[in-house]
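You will see chain A twice below: alongside chain B first, and alongside chain C after that.
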Partner chain A sequence: MGTYLLFLQKSFQQKFVYRTSAYIYLLSTCLRVFIMVNVWTALYAGRDSINGVSLMDMLNFIVISAIVSALTQTRMGDKIAAKVVDGTIAVDFLRPIRFKYFVYADQLGENLYQVLLNALPVCILAALIYGFEMPADPLMLSLFIVCLFFGILIIFSINYIVGLISFWSKAAHPTSWFLLTAVTLFGGTFVPIWFYPDILREVTLFLPFRLIYFEPINIYLGRVTPSEAMSIIVIQLAWLVVLWLVERFMWSKIQTKLTVQGG
Partner chain B sequence: MHTFKLYLEFIKIRIVSHIEYRKMFLFWFFAQWIAYGVQLLLIWVMVHRFQDIQGWKPFEVVLLYALSLNSYALAGFFFYNPCTQLSHLVRTGEFDEILTRPLNPFLYLVSREFNFGYITHVVLAVPVTVVSFVMLDIPFTFTNILMLLLILIGGALIQGAVFLFTSVPAFWIVDSNGMQNVLFQFRDFANYPLSIYHKSIQILLTFVIPFAFINFYPAQFFLGKQDFSVFHPAFQFMTPLVGLVMFALALWFWHFGINRYKSTGS
Partner chain C sequence: MAFIEMQNVTKQFRVYPRQKGFANALKSLVYKPYEIKTAVDGIDFSIAKGELVGYIGANGAGKSTTIKMLSGILVPTSGQIEVGGLVPHENRKRNAGRIGVVFGQRSQLYWDLPMEETFDLYKRMYKIDAAAFKRNVQFFVELLDMQEFVRRPTRQLSLGQKMRANLALAMLHDPEILYLDEPTIGLDVVAKSKIRKFIREINREKATTVILTTHDMNDIEEICDRLIMIDHGRKMFDGTLHEFKQTYSDSTIVILDLEEDAALQVSDGRLKVIQEDGQRKYVSIDKNIISLVDAITQLAQTNRIREVNVKEPDIEDTVRRIFEK
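Take a look at the complex of A and B:
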């Protein structure tokens, strides 16, 4: 455990080296939030609520989603593929550590950095300008944190599996583009699923993507009852089991078939 | 004329090398096409649910997006690679090699670094433009098609000028890629009608970074809209002019930069 915390800390510190890129990220997050606030305010002009969602709900959604998206971003699929392609994966395999936990720790360090130095400042700024509501009920807040934690595990598992595919293809694939697109479309990261047409909304119910981002925020905003929130968390756990089985299966195949090209 | 053929030859080589790995090319093509397609779909879904945004109907907003994407792709073909790689070329000293060629360094760079990948954007944005025209009952008259072409060229010149403006600081060993990213995030403003923003943003996107001329003003020509707020309705015709002026200024800035360029010596 301590080893992996150290990896987490290292990847967190590594981000500190690139000071200018941090300011630029900050600026671009500000712009994104600012544009979305303008767009939704204009959409709501003269309308009280649409599908039971008020403008205030929507502004809360934008602010909280800055933090959630910082926590749920992943590049691990691309990183694993790059390591497979250039052969450095062999070095990782020689280390006396669990590769998966190493990859997770590395990503989490990066994400925590993004939250602290990027999302949180923007959120505080936006909350001061546009207003922001915390969940009144501490129960809902704790359910949100649990749901968000499992959401992070789900996207990490999916992206890890996507990275493992490169052991077969031996190439950097645009798979992360597909993944990002799937999360945008079925996860409600750009337009919340509240506003989806019925067919699209029903499709999202059969996929794990809405559990990463949309459902935690839904709980945060108190748009579900505590018992509904509990069942969402159960569904998350079920998905995690499925993803874990897939990943174990792939991993067992990889250990017997790994070939390193050059390096 | 002879050298012009040479530049075309450079572009041809780039395209051939790009599609050499056919499977990989198609895979990337498809991935990007779907990604932009989904974004367009969701913008439509969003505006459709609310019926309109500041009086702009779903397909009118889709048209704005398509115009912006089209002109961005036209500019991206030529300027994306040279402009994002300029600071790298300067740092490694590769740019010196370019200066020693008996060719115009600008045209040489633009044709040598041609990015065929932007074909994806075109293959999405052109059909979406046509569909929006049909859905919005805009007739395909000679005037409209001519206007559309002029708008796309003018828009591409504006986008190209922004690429150039943000890359020139690389001559002074300033890493400008970050600034470039922020400026290109400003393009996101143009995915929605300009009139939803505060006046100061409208002025910024009209006179300083004139992205509003890429789609917002000229689209109103087709749509017969009068959503100009404090600006003059004549702005709908000014895209080609703004494009030419911006691009001329950007070229001047490029030459200004290249004249003051001192090699890194590496």
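Take a look at the complex of A and C:
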């Protein structure tokens, strides 16, 4: 455990090296929140609520989603693929560690950096300007945290599995791009699923993507009852088991067919 | 059972030859023909604890593949491998704890952090005890002359400095075995000699077993006691450096500088003049049929010699000759 915490810390630390890019990220997050707030205010056009969603809910959604998206972003699929393609994966496999935990810790370190030094400052600023509400019920807040935690695990598992595919294909694929599209469409990260047409909403119910981002925020905003929140968490766990089985199966294959490329 | 044992080990890869042209690229999406390439072809060897073994061969001979199988990150197609009683690829993590590996072409350091930070990480990862860690860091930093750059981020280090740091990193947890895959590639003479000194020193101090692949024959001559040569995945030679020279190079070159620019007078058929370059003459002798002293005595009787130099066959020439055959 200690080792992986140290991996997390190192990847967190590494982020501090490039100050210019940190400022650019900060600026872009500011702009994103600012644009979203203005677009949605314009769409509401003075109305109090649309489909039972108040403008205040929407503003809360925008602010909290900045934090959730910083926590649920992952590049691990691309990173694994790049390492497989150029053979650097050998270095990771030579260490007496669990590869998956290493990859997770590495990603989490980056995400925590993004939360603490990027999303959080922007959110505080936005909350001061536009107003922001915390859940009144501590039960909902804790359910939100649990649900968000499992949401992170789900997107990490998916991206990890996508990364493992590169052991077979021996090529880097635009996986991040593809996943981002899927998560944006079926996960409700850009437009909340509240506003989706019925068919599309039905489809999202059969996919894991809404469980990553949209459902935790839904719980945070108190738009579901505690018992509904519990059942969402159960569905998350079911998905995690499925993803875990897939990943175990792939891993056992990799152990026997692993080839490391290049010199 | 020897410490490191390979028995009839073969490793085959599938390679997908890429065809030219857009139509073929499209076709390859559906159907991809492949060929089987045998990188390692029935290799046997056993290595005892504390040996310094040079593993040589041309590019693509199967050296790196062997190292990767020994370190447990490649699974052999057939044959048995055992390293200190473990099958490496079945016990990857446990095996990893006992070996140190340096790939000349890959760095294990964190790119943006000073090497000290990577050292800390390895301390935790390999559960190195604090006293041993401190002692090793001190010892390696001194031996590899790294004082001036321990605190500098990796990206600002030269290739030679990075390689030294990687060597130290591989040895931090006192591994029983050190695999070095082209550790001196692309380095200047000074860096090379530091690395060679380091390898000899840790072998003496810690009795680490070292297997080293290289293209620089000076590495072998200065470090190794034993040499294994492979070609096209097959073992060609396994023995001491001395035996290697005896087997593959039977001639010694005598270089003579004469007093005047005249043709060299040779009366004995066992002396072969291979080149005449003004006053300088090159004579090749086969030590198995004539001794060096006899040869020079004879030459001195028929010629006015100012200076004599003897050039022992160097291993680089020898290897080149073998591969060119």
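Everything that follows uses one rule, which is that the second predicted complex is superposed on the first by the 262 of 263 C-alpha atoms of A that agree within 3 Å, B and C clash if a C-alpha of one lies under 4 Å from a C-alpha of the other, contacts with A are read in each partner's own complex, and residues count from 1 in each chain.
What we mean here is this: a residue touches a chain if its C-beta (ideal position, glycine included) is under 8 Å from a C-beta of that chain, and two chains touch if they have at least 3 such contacts.
Computed from a prediction, not measured in an experiment: that's the story for all the values here.
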Touching partner for A:Leu6 - first (chain B), second (chain C), both, neither: second
Which partner, chain B or chain C, touches more chain A residues: B
First (chain B), second (chain C), both or neither touched by A:Leu180: first
Partner chain in contact with A:Ser21 - chain B first, chain C second, else both or neither: first
Common ground on chain A, meaning residues reached by chain C in one complex and by chain B in the other: none
Chain B partner contacts - residues on chain A that touch it in the complex: 20-21, 23-24, 27-28, 31-32, 35, 38-39, 41-45, 47, 50-51, 171, 173-175, 177-178, 180-181, 184-185, 190-191, 195-197, 200
Contacting residues of chain B [partner chain A, same complex]: 24, 27-28, 30-32, 34-35, 38-39, 41-43, 45-47, 49-50, 53-54, 175, 178-179, 181-182, 185-186, 188-189, 192-193, 196-198
Interface residues, chain C side, partner chain A - complex: 13, 64, 68, 71-75, 89, 92-94, 96-97, 99, 101, 103, 105-106, 108, 110-113, 117, 120-121, 124-126, 153, 182
Chain C-facing residues of chain A, complex: 2-3, 6-7, 10, 13-14, 17-18, 87-88, 90-91, 93-98, 255-260, 262-263
